[in-house]
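If you scroll down you'll find the structure; I have some questions about it.
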Amino acid sequence: MSETVEWAGMRIDRSTAADLPQWRETVDALRTSTRPRAADALRAAHRTGRPIAQPRCGVGGHEEMLELLRRLEPAGPGMLTVTIDSYTRLKQFDRAAQALREAPADLNGYPLTVHGWRRGRQLLDAVGVPLEVRHGSPDARDLFAVALAAGFTSFEGGGIGYNVPYCKDVPFATSMEAWRQVDAVCGALADDGVIVDRELFGTLTAVLVPPSISLACTLLEAIAAVREGVRCLSIAYPQGGEVHQDVAALRSIRALAARYLPPHVAVHPVLHEFMGVFPRGRGTADALILYGGLVARLGGADKIINKTNQEAYGIPDADANALGIRTALMGTSELLDFVALDEARIDEEMSWLQREVAELVDPVLQDGDVPAGVAGAFAAGRLDVPFSASVHARSLVVPARDATGAIRYRRTGELPFSAAVRQRNDRLTDTGAAAPDRFIQAVTADINYFLRDEPASV
Amino acid sequence: MSETVEWAGMRIDRSTAADLPQWRETVDALRTSTRPRAADALRAAHRTGRPIAQPRCGVGGHEEMLELLRRLEPAGPGMLTVTIDSYTRLKQFDRAAQALREAPADLNGYPLTVHGWRRGRQLLDAVGVPLEVRHGSPDARDLFAVALAAGFTSFEGGGIGYNVPYCKDVPFATSMEAWRQVDAVCGALADDGVIVDRELFGTLTAVLVPPSISLACTLLEAIAAVREGVRCLSIAYPQGGEVHQDVAALRSIRALAARYLPPHVAVHPVLHEFMGVFPRGRGTADALILYGGLVARLGGADKIINKTNQEAYGIPDADANALGIRTALMGTSELLDFVALDEARIDEEMSWLQREVAELVDPVLQDGDVPAGVAGAFAAGRLDVPFSASVHARSLVVPARDATGAIRYRRTGELPFSAAVRQRNDRLTDTGAAAPDRFIQAVTADINYFLRDEPASV
Amino acid sequence: MQRLVILGVAHSDAHAVANHLIAMQLREYGFTVVNLGVCTPLADFAAALEANPTAEAVVIGSLNGHAYADLADLPALRAAGRLRCPVVLGGNLTVGSHKSAGGIERLRGLGVDHILENPFELPVVLDLIREAATAGRVAAGV
Amino acid sequence: MQRLVILGVAHSDAHAVANHLIAMQLREYGFTVVNLGVCTPLADFAAALEANPTAEAVVIGSLNGHAYADLADLPALRAAGRLRCPVVLGGNLTVGSHKSAGGIERLRGLGVDHILENPFELPVVLDLIREAATAGRVAAGV
């Protein structure tokens, strides 16, 4: 392992630190910056009742990244992104540097730590909306230090959501501690008047994630973050596909925040447009992107992370991404304000969902130490995620879509659910005990829920 | 006036007739053609419950027209269009020919009579969906003859809808007789097994057209057409902008057909996406196009004529038109099937609307002679259209949007409405007796209902 | 003295709504409006001017993109001594969504005196035209 | 004899779902699956092969577009006598939505033996590999 030093209370690589400005300089630059801030954009969105849209976007080369941001801005995003490449996410900085030298176009994101904070600042100056760093790093301290030095005011990730789906073998103790340090820096900055928006990746493994697992994990991360002084939280939930369930989940974010978090913390529900296997036909892909926008508005989200109609094929080109932004925003148009849902059905979903979340979260909180509680719960399967990338989650839970398309638990594994919750899930997923091969088929069908037989979009 | 001859029972210009094939040849070609037919496409749409989309499209040059059709087809229209230029519409064939020679790109449509039926046939052969001729000719007999010889199976127009908005001084007796002859040819063809889809232009003057006027005019045209043997009718209604009213109007098309037309006639409700002053900003324009698709699906339309986000600027380019098709179709996606409306409110709208239509139509039908009845009613203002282009409609009616945005009658002029209908309209439009200058302002505001303060789309 | 203008829409063009509203607006403003309505050949404008020689201007709308072709006879009419009063034109003057300045130039080349974007400019422009006429000269474009 | 394969996801890649499902599917089909999971360096595949010398193939998934860079060490490992059994690769192998054939060629150039579109082809391909091995020769691509 490389040698580490302390920067703003976080331990980061000596080589990363060597290139950074002094901490006070960084704080002053952030405090006096006249650039638009993420927290303000989110607050404004909340006031208008219309979510802003934000694409994922990141390419290897610096000029190409500038160009990409400039091409996306006219589509009307309320925030833009610097999506980080897989090497940087996993702290394989050398490989990122090598790829950047040899074949920048082959990178699946922008290696910010390699490019350095000065170039990051150029990205921020290139457009008139705030930028967020989106990545997937179980330990993002180096990346966060560079991002702050550049002047970013929004940073995604957390000790659960950026561990479980993004690496094989990082213990929760490690990732929770790394993110505790990030959050503590945010707390210190908040005391200095600089609010950093911290988005929590409730999407987890993205495919058939039961809403209560998503909300439980982000809620635990939120509680941990607030304890470190974080004041602005974007809590992201992945669209599952059934409108009542998705709206209930988005609305539950505020309800749970009111119950578990202090009132001085700004909480912004965020919808990640459908994160599972995306339809390959342009018609359904576009419709799904639109649908996400509409669900976000109905659910009271402040932000939508849009998908594109090239999602099923590969990292989208700028045109497809711009169209994705526009299509998602179309779903938020006031012209669709006549769309109303069965509120009783949503209330019922909300009440069950919040009950499930409480049954998952309350035991973890019992001992007061959130990071330790999280690690222990995952080890025991009392917190769990389907299809985990990390070996530290047991993936004993098995999700299934019910007859309406809503995501339920086919098997609850070791989750500490009450009998009532288990019975409801059993009832909703009762399709007879599937034989093993039928089982793979059934899960695959649920995963491929939005696939249609139609002409390819690319 | 130029000399006329008879072709298939219609009187057309000798010069037009000179170039046409024999009538029997035309019938045989239509009967044995293996090209997709409009009537089948509409029937299929009806069966699936999802409207097909169709753009307006027409450019002067023949190669450019072929290219345009080929570029629009991949967007997934269920039918394509040959939109005819203004000269040809008004039988100024010489000017159309001159423009085609000198500056084909300056024409606002495809001069089919000048290009001739052989080229028309090339258009039909260029794509895999049926084509419709859309125009705006008070007397379309020449154009129809050329269209039939080419092999078109769908033709828009009628003695009211293609008179009132499209010319200054053609008496209704003239236009009704010209269209009677067109319909009689369709009747003869139907006896030979060839079904021509006849679309009726309920859009009229397009701007703030009260739904009962639209439905009354197309219903009268439909009755006249059916008497001549027409078997397939597309009855078009222009989206006004208030969802309950628009859905009520679309659903009323079938209800009125059941009441006034024999059951052997296929009636296809068609939504013309918002036909008034179109928003200039891309966001609202796209959203309005989407909204139209959704309204069409909710109203049970079999076809949507889509708009484009360049509508406010000029005839759209192929890319904008393709996107318009896709956006309209997005509104018909099954992913939005959860959208439900207040059915009681729609029922109430439907009942008033159908009552208004009956109060307009029944007196005209009293004497049995529809063309004469129509002419007399317009002369007396018992049928009327706001903002008429034709001097033969009196334009004494004044429309207004009510508080919900629905289009009502501010003044009913000489329309023979019952006291109940008038009272309801008075109540809904009661904004105090507007002073003349306030009046222009109020009407303008209602016309500009969808304009927003946002960046231009072109 | 009662001010008078001749109003109408170009020969191949049937768009009526702006025409209705502009007529209302000018009447509101105190003008007598001889409204020839839609689809009016240039010769009919000339004839109306001859029947109403006090007209201050001939105001033509064109929305369907055919303005140039529909006004192509203006030089010939003027050469024949007709339609000599200022011609004011407005609407959507060329075909297509991507307009170029050339389209407007071409129309000026035909002798169109004033090309306006917005009908609300009409009263001001008509006032200017009258002032210029009173001063014995014609304003050279606005 | 119990058939055995080594399964995993490329070094920089954390996509887990296909990996879970392919493991289930192969077990269903009767294989013993040594599943190394996501983010697996090529050296770990080699080590697993050394620990399980009867493995019929090393089956690698890559979805994040980094297949080429993540497998770049294959020639060096092979030259060192390691990872000598057939390597089967599948997933989304290059960055971007507009794929070119060159991306696949490059991977073959590294010595990847089989590149598959669909995991349902796996059993058939594994059967072919075994036949070829039994016949004492290695199938030259599928």
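Things to note:
Letters A, B, C and D mark the chains in the order given here, with residues in each chain numbered from 1 onward.
Assume a contact is a pair of C-beta atoms (placed from the backbone, for glycine too) under 8 Å apart; a residue touches a chain by one contact, two chains touch by 3 or more.
All figures in this text were calculated on a predicted structure; none of them were measured in a lab.
Here the chain-to-chain distance from chain A to chain C, counted in touching steps, is 2.
Using the average of C-alpha coordinates as each chain's centre, D ends up farthest from chain B. A straight line joining the Cα centres of chain C and chain D is 76 Å long.
Centroids of chain B and chain D (each the mean of its C-alpha atoms) stand 60 Å apart.
Once the centre of each chain is set as its mean CA position, chain A and chain D turn out to be 30 Å apart. For chain A, the set of residues touching two or more other chains is empty. The set of chain D residues that touch two or more partner chains is empty. By the definition of touch given earlier, these chain pairs are in contact: A-B, A-D, B-C. Of all residues in chain C, only 11-17, 20-21, 24-25, 28, 37-40, 64-66, 68-69, 92, 94-99 touch chain B in the complex they form.
For chain B in complex with chain A, the residues that touch the partner chain are 76, 243, 282-284, 286-288, 290-291, 294, 326-327, 329-330, 333, 335-336, 338-341.
Only residues 86-87, 90, 92, 95, 99, 103, 105-108, 136, 165-169, 205-207, 310, 313-317, 320, 387-389, 391, 395, 436-437, 440, 443-444, 447, 458 of chain B touch chain C when the two sit together in their complex.
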